[in-house]
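Presented below are the structures under discussion, each in the form of structure tokens.
Two complexes are shown next, each including chain A; its partner changes from chain B in the first to chain C in the second.
This part shows the complex of A and B:
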């Protein structure tokens, strides 16, 4: 019996060091996934110069009554426009027309000034829209990547509705509208 | 008288001897040790949740439109976590959230969201790490180690995710974003 007891003790003594080494277990939890999403989003930015009007001033040559040939207005800048994904930029416009004198103009007169509006800086080819054209295939352009930048919106290439020989009817206000749209491309 | 005394002594011896003889034949002793081992063990309790869905990450209006929205702290509890031996610590490793869109980001955009992961209530020094992914998604991994717990311990651990940021507060590209956090509890590394 004493011999047996001694043997058990010796075995235990031999086993303990090895067991102690194996005891150093490690626990792991996870990986816990952390997820989120960012939707496709476009922002038109902020319009420069604190107003949104192209002020052309007097439209006619007061010596002739015909449309001035030097009509011009500085471009408007949309600062900080962005899209978080592939996008389309499109532009549309309405012709300048007399606001108050809306009666059909008499012979030799017009109440319409056409022009071409453009939006550049977003795509390699600017988006353009001519108010006097029946179709404007270039009015929408696609950009394949997310982008942030300024968009310059301009107007030019003016013409008198009905023909350059027509004179514009008098009115204190002629008005047209240019609309630029940034949208997530499908 | 002498003879009588001798006789009496002899009788007493005779009486005593049977008793001695009996004790010697029925008693012995031996020792049997009872021994065992307890394995060193660390267990992390069942987490209160297994994922952290943050939902929509950006502002869709206002001056911060397109940029990271404010995200409240997120917690995961691991109750009854323990180690039955001394000299243990927590390690936390994290992967920043990255967009699934791996294309190079355009100027002004980022595809990474960094955050801080902290596991508390084990040692004096919490295990904490903050990811530092670049805007383009490089170096999203980070690891941190907490202080050493000098005794066996059982405790409710809390993993907290907070401090969500985007490099330079850039615009985030659209897409799904994913990252992860892993907690390890075990023996502190030997210096």
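This part shows the complex of A and C:
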């Protein structure tokens, strides 16, 4: 036992001088860079009342067959829309057309109602799209800063396809589509 | 020394993922409406230069000027054209109906018949509705409702033209029979009926 104890002591004695030598200089690791990112992110918000239909009701004056001049529908609100970077808002729409009665209308009749759809609240100039127009340069608008807010989508400026003197053919369903796109700007 | 190398690789990888992300949000809304079935007929208008022996149109009443010849008491010829602005925004049926099937005395009590005299006057009615037309022969043989109709397999707008013709000497007796004194009349109805 005395011999073993002596041996352990000797080992300890050998090891200690080594530790003493490592403390003699300064070792540095790093710097370790900590990086992250926030990707461009857009959310189109939530449609108020979960009702995605502009319900216009009866399109014509039943005494004359001509399009009503007082057509209107409340705007739809996309609440809580946001974009974390520069963004584009664009809008497109298709004209109201009879769904079931798709035959070519007779002389003096039409199955199309044009309108203008707009998305406002996101950009200074609302994005607008007229279904009867050959080009719609204002249908896409850019916002240079991140933003959070509501987008109001509305329709108006109705006109009868082919001319205001035309009557609309009967159909229980006329339908058009409005599409609003909110995207990270390139 | 390995740890810093690993950090560097991760840091280089994340921005690449961010730049590949394309974030686009689309919201689709529908615009819905309907156009009910509608047929309408406007007020009658006298066609210019197309009346013979009629006084004209008073509201919706056409009055014959001289119904009989004052010397023979036989019926005078008369004719008139009336137009109605009309529209039907779907296939429809156009119907022409007479209340009396001829011009009959308007008194509720039918006068006693007198041998040799006429007591009702026949006439012809014709309706033109664009390319279609229908005829109704109110022969005054029996006092009853008579009608004629045709189907139009399309929506249509324009003028309905009604022409009434009374032949000279027409009566429900023999030709040129004298007509009993009294007020004579008939009521015509034009109907546009949606057919879908």
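Here, the second predicted complex is superposed on the first by the 154 of 186 C-alpha atoms of A that agree within 3 Å, B and C clash if a C-alpha of one lies under 4 Å from a C-alpha of the other, contacts with A are read in each partner's own complex, and residues count from 1 in each chain.
Convention: a residue touches a chain if its C-beta (ideal position, glycine included) is under 8 Å from a C-beta of that chain, and two chains touch if they have at least 3 such contacts.
Here the structure is a predicted model, which is why all the values come from computation and not from measurement.
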Partner chain(s) touched by A:98 [first = chain B, second = chain C, both, neither]: second
Touching partner for A:145 - first (chain B), second (chain C), both, neither: first
Chain B versus chain C as contact partner of A:69, first or second or both or neither: neither
Residue contacts on chain A - larger count, chain B or chain C: C
Contacts of A:59 with chain B and chain C, given as first, second, both or neither: second
Partner chain(s) touched by A:29 [first = chain B, second = chain C, both, neither]: both
Which superposed partner A:39 touches (first chain B, second chain C, both, neither): both
Chain B/chain C common contact set on chain A: 29-30, 32-33, 35-37, 39-41, 43, 184
Chain A contact footprint on chain C (complex, rising order): 1, 3-4, 7-8, 11, 14-15, 17-18, 21-38, 40, 87, 89-90, 154-158, 194, 196
Partner chain C, residues of chain A touching it in the complex: 29-30, 32-33, 35-37, 39-45, 47, 52-60, 62-65, 71, 73, 76, 78, 81, 93, 96, 98, 101, 105-109, 113, 115, 153, 155, 167-184
Residues on chain A engaged by chain B in the complex (per definition of touch): 1-2, 4-5, 8-9, 12, 15-16, 19-20, 22-41, 43, 82, 84-85, 145-149, 184
In the complex with chain A, residue positions of chain B that touch it: 28, 30-33, 35, 37-44, 47, 49-58, 60, 65-66, 74, 76, 78, 81, 85, 95, 97, 99, 103, 105-109, 113, 115, 159, 161, 171-187
